[in-house]
Amino acid sequence: MLRPILIAAFLIATSPIFALAQDSSAETGAASVSEEVIVDATPETPTALGPLQAILQEHRNEVAKASRRTVDEVIDAVRAAKLPQGLTFLERWGDRELWQREEDGLFFFTEKADGQDLTLIDIDTGEAVGTISKGDIKQLKPNSGVRTVIASSLVASQLEDPDPARRRQALDAIERRAEKEHLEPLRASIETEEDPAIKARKERLLRVITISFGQTTETRVDAIRSFSQDLSLDARAALNPLVVTRIGYSEGEPEGVNVARTLTPGKDISREVAYKLLVDDEKAIAARTRAERKAALEANIEDGTVGGVPVSELSSQEARDRAYSSLVDEGKAPPFVTDETMDAELAKYTFYEAYADSNAEVTTAAAETLDSIDQYVGLNRFFSLVLDGLSLASIYFLAAIGLAITFGVMGVINMAHGEFIMIGAYTGYVVQQIIPNYTVSILVALPLAFVIAAAAGIALERLVIRHLASRPLETLLATFGVSIALQQIAKNVFGTQARPLTSPSWLDGAWVINDVVAVSYIRIAIFVLALVFFALLLFVLNRTRLGLEVRAVTQNPRMASSMGINPDRINMLTFGLGSGIAGIAGVAIGLFAKVTSELGQAYIVQSFMTVVVGGVGNIWGTLAGATMIGFLQKVIEFFNPSNTLAAQTYMIIFIIIFIQFRPKGIIALKGRAAGD
Amino acid sequence: MKFSTKSLRLAGAGALLATTMAYSPAQAADDTIKVGVLHSLSGTMAISETTLKDTVLMLIDEQNKKGGVLGKQLEAVVVDPASDWPLFAEKARELLTVDKVDVMFGCWTSVSRKSVLPVIEELNGLLFYPVQYEGEESSKNVFYTGAAPNQQAIPATDYYLEELGVEKFALLGTDYVYPRTTNKILEAYLKDKGIPEEDIFVNYTPFGHSDWSKIVADVKALGADGKKVGVISTINGDANIGFYKELAAQGISADDIPVVAFSVGEEELSGLDTTNLVGHLAAWNYFMSADVPVNAEFIKTWHAFTGDDKRVTNDPMEATYIGFNMWVNAVEQAGTTDVDPVTEAMIGQKYPNLTGTEAEMLPNHHLTKPVLIGEIQADGQFDIISQTEPVPGDAWTDFLPESAVLESDWKDLKCGMYNTETKTCVQMKSNY
Amino acid sequence: MKNTFLARNPSVLVFILLLAVITLLATVFSEAYGTGLLPTNYVKILGKTLCLCLIAIAMDLVWGYCGILSLGHFAFFGLGGYMIGMWLMYARTEDIVIASMTNAALPPTPDEVRDAIGTQIFGVVGGSDVPLVWSFAHSLPIQLALVVLVPGLLALVFGWLAFRSRVTGVYLSILTQAMTLALSLYLFQNDSGLRGNNGLSGLQNIPGLTDAPQSVLSIWFMWGSALALGLGYVFAAWMVSGKFGNVVKAIRDDEARIRFLGYSVEAYKLFIFTVTAVIAAIAGAIYYPQAGIVNPAEIAPIASIYLAVWVAIGGRGRLYGAVIGAALVSLLSSWFTGGQAPDLPLGFYTVQWVDWWQVLLGLSFVLVTLFAPRGIAGMFDRLVRKDAA
């Protein structure tokens, strides 16, 4: 049954008609296709083309397959015609609202009509001229490179547009691609600007582009100096190109260039690099590389010998060098470049680094300003690192605190803790499937995740852990069994795909302090959540009856039991509490990372580390452990930014060593409570 | 020790009613052609590979409805290497020697392929590998139906350079072979194109990395020297979800810092909300959104087969589709399922791909494939904004000096690693 | 002496006999030396299973007899594989490189050979230089020594640090797990010089034996594995049956008491930990040439946990228990995930073992630890005792 369909599909695919339909989206072969279009086109539009349409038809390919390199041509043509509809056209083209009719290649705007149909709107008159089925017309989608060029060309006219959105768009365009022509329109538009926010932005942007395009040296230097305490990216982006240097050399003192500093070969610049500059300009003989010398040897094999050395002996570099020397002596190969000849050649020249910009005043001002900015950047980087560390620490804290409670109270390692986190995350996902409003669903999911994970925890405690009370190592194994079973069940139920858990829109985005320091709201929310639970647990453990009993059981279960505390009940409640918090951590982690059945595993070892490093049975310990591990990881990442994996390895090694010195963790229980 | 009970073997194939119906127990084993399916159904890679297993089963099912191959029905033998790389070698040996399959479709990660290679080369098996990979390999016994770097990475980089005017590159990848080799090739390529070394930022993260705030901030900071920054991502699998969430959170729009991904397809996007990612890019040889009748038909069959009309299709599925159909045609042409005649018949096979052009199997066992660049849309699909003519796959990249001299040609040179300088075949077996 | 040893350990004789019978039977039915009923694939599985039994014995020594729940022994196993794998890869590549250079105009220099080997081995992972850790890879004797030395030293240093500061119980387990994770993360890095995530592959091709088919090699390796397992079993039985064994068991039961009796608990623990690490490494060195590839995923913490589970299911504190557990669980795993196990129709739902085997396995740990803490061997013991009574 499928075969005829496939054959038909094959025929269609290979037929020229199809190729034609397709090719409008393919890049090559366009020329031939458009010819065919013209031949095949049945002239349904007898009227003469509008003036804009006519221009566009001249540049049909450049419009239909707009590329950053050819789009200027179209824009220039449209602008040159000075048509009133030209600007609208450019705007709408950039907004991806231009369509091309397949049968004749004419361009239209469209509006939605009934069903699959679209209303065609003439690009010259703006009037509806008919309807067309969606299949017969193609939307043109200029890529972002093209859109940047279009937007940049529209800046002058949009800067004073009555619509503030358009004015903001123009400013965006300048930020993306500033040009000399933008300077004057921008300056002119500031006075009439009414919106204070846009006005401020315009004034700032004016200073930024003055750096590059200012007419006099003074205005440029003033603009440059005005940014000395500003670490925003666009200012730095304008300044940095000014201080770009290249390496050059001259006989005697360098002249006619804006020298940044002179270089001593062998110290500021490697001798080989300096020498290569000379070689490239044919001012010196190139040093022969090993491969080149080998090629010379191969080219000079005569009767099984090269330069008097038998080929069979040439299996060492020393013998090859010997053979090559004799080739040099015979004049069959260019000589070696020795260190002495290299030094002698280098000594003839002065090497220097010169700014590309020849205006020394500007480059000096830029270099100084950048130095001053760099100090601020450094400071802010440090601050940013601290925030990153805090954020990671709060995630580790949330993931580990539940484990710390159960581990502390019962001395039991719960390997399934990670799976309780996973349960929480999946709860969040399921709730979101039922309640489409993200805000409401998160508010429902958090307590629900707590309840479900706590129930699972209590079940685990009652069914398994209680029966293994005095055998902690076996508890580890049994809970591990539970862990892999839960993981696989999650896989069977939810599939192996990652599931979406989307944060409400008020948690989207980031709190941007400046262009260096920014924290996403979701991380702030997790931080707050961690603080809340920290406070809550401190309160519960230190200020409530339950906390008192928990602490009693932690320190001495037998004594506690003889004082009328039911340790079984306490164990069950603590386990439920610990697991419930894991569930909440799961929702939080799912929001900023991903929801998969392996989510828990990713955090379990880190959680153990946190608990062990921090010290068991103490919330302050977990806090200290999470803080230490989070910051440590970030600091190592900071020093080794290109390899995050290495950071994790070093961190674990550090922890292993740390435990040697504080086997009971940072905050160890003291006295009798510390008994094993 | 003898586990081999014929009827039981099929059972592992899963709850695929269609297959079970197509397989009539009355047929003697000799009347069927056995097709091995070597994709992980459990473990970390199951997330991606299960889909391909289903694809092969669907294709077999369709082929059987058309009367099978050489008048025989096809029979799937599904095993689960469980994302365990040594197990891939063990299961491949089992498929070849115990089940005696005629062809295998399988593997996703490079390491699994490298694990299987020595086994299939020793036993002269036949493997179709459907995933984009890092190249630098060409085995007599493997047909690579996914993209080589010059069919995905290089054209995407060209797009950056030419269309978006990117001057500074951040190459972000997961720390394993594919990103490492791809980035090495790209670095060489970019230097060739005049991008200085200090404008190429490279970072590797572990599998499943989730804490992206610092890396994304670092990328943002690259813009400080006034050059347009573009990200080339070879981040693998789940880690992408955290990465894109962080991109969205830090407000990086595709117009400012575009991200082009080589490992993010429809499947990966189904795990997150894409409204904030609209405009970021991916480069593949196929997108589900390709507006072509064969593709519509393929998607329809897929939905009918899985009974789920929300299941997405992706690039490796298309690669499996092309590979499978080429194999069927090669077998028909050779008149046998024996490996040597079939591999010979495979070279030069042509088959329409799902994006409206035609794929051809080259003598280096790679395909010609068009390169598509798509923009992420709010519905998790890709909007195809650029499509090239089919590009021939290159087993050995031209941009690394040690590989540039190597060539693969199984038709005339009969060698997968031929050194054009010394005019010798470096080795007949593959590098693993 | 030998008599008394065997008399004290009746299981040793039975075990050796059984092992010999299985190995012989496998050979008789093998493709290379026998009727061909048993495909090479199964010979390899058998050989690998024997290696797993050996590491299970090591685990039983350290956990079942000495009470140290190490979650790191698979790290030593993997390291052993890496050490032998380096030689296997290097030597094989060297042969290929030299063969390909025979036609060159000039005979290659040692540097050129080394560079070509580097490109060949590390080209696939985006490198080309031979890293420093491969300095001895050309030499089989040195790498064989490293199989013992590297994991042994790691265990010695780690154990010394851990036992010295009296880390015990679950803390120690977590610490060993951390060590395993650190090692596997380190190996996952490309910069480790051991080919990152790809690991070392093609190990089943033994340099110098390229003409021997896998059917023959698999038999040799199976015999090698059986020999190692037999020796390991006897050695372990000898260790635990003497006075040394009594002290070790006493440490498990009450560490403090033994310390007060004047024994150096730390030294005993360190010795056991290191010796078992070496046994694990040897098992790994025999295992990976049969598996064909060793990579960091093998060392992941979960593998070591599985090892503990094998021993728990088989029965701790009994050497044959460890062997039974390892063989049974690993073979069952392979059967259930291989797609050969029949589906289980429940009417409303069909259980597919590929999906549900992990669940079954997980629950079986729970059940075993809850209801049969001595594992299969424990039940077996009870039966034997009943018979004797």
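Chains here go by letter, A, B and C, matching the order in which they are written, and residues are numbered from 1 within each.
Keep this in mind: a contact is a pair of C-beta atoms (placed from the backbone, for glycine too) under 8 Å apart; a residue touches a chain by one contact, two chains touch by 3 or more.
Every value quoted in this text rests on a predicted model; they were computed, and no experiment measured them.
Taking A-C and A-B together, the pair of chains sharing more C-beta contacts is A-B. Most remote chain with respect to chain B, judged by CA-atom centres, is C.
For the pair chain B and chain C, the distance between mean C-alpha positions equals 33 Å. Centroids built from CA atoms put chain C at 41 Å from chain A. Chain centres here are Cα averages; for chain A and chain B they lie 24 Å apart. Each of the following residues of chain C touches two or more other chains: 185, 188-189, 355, 358. Multi-chain contact residues of chain A, defined as those touching 2 or more other chains: 488, 491, 643, 645, 648. Contacts with at least two other chains are made by residues 42, 175, 204, 206 of chain B.
Against chain B, the residues of chain C that register as touching in their complex are 38-42, 44-46, 96, 99-101, 103-104, 119-120, 123-126, 128, 185, 188-190, 196-199, 201-202, 204-205, 213-214, 288, 291-295, 297-298, 334-335, 337-343, 350, 352-355, 358. In the complex of the two chains, the chain A residues touching chain C come out as 294, 297-298, 301, 306, 311-312, 314-317, 320, 411, 413, 415, 464, 467-468, 471-478, 480-489, 491-492, 605, 608-609, 612, 643, 645-646, 648-649, 652-653, 655-657, 659-661, 663, 676. Residues of chain A that touch chain B in their complex: 1-3, 5-6, 9-10, 12-14, 18-19, 22, 25-29, 67-69, 141, 143-148, 172, 176, 233, 236-241, 384-385, 388, 391-392, 395, 488, 491, 496-500, 502, 508-510, 512, 515-516, 518-523, 589, 592-596, 598, 602, 634, 637-638, 641-645, 648. Looking at the complex, you find that chain B touches chain A at residues 42, 44, 46-47, 50, 62, 65-66, 162-165, 175, 202-206, 208-211, 213-215, 217-218, 220-221, 223-227, 238, 241-242, 245-246, 248-251, 254-256, 258, 267-268, 270-273, 276, 279, 291-294, 297, 301, 352, 356-358, 370, 375, 383-389. Of all the residues in chain C, the ones that touch chain A in their complex are 69, 105-111, 158, 161-162, 164-171, 173-175, 177-179, 181-182, 185-186, 188-189, 191, 301, 305, 308-309, 312, 355-356, 358-359, 361-366, 369-370, 373.
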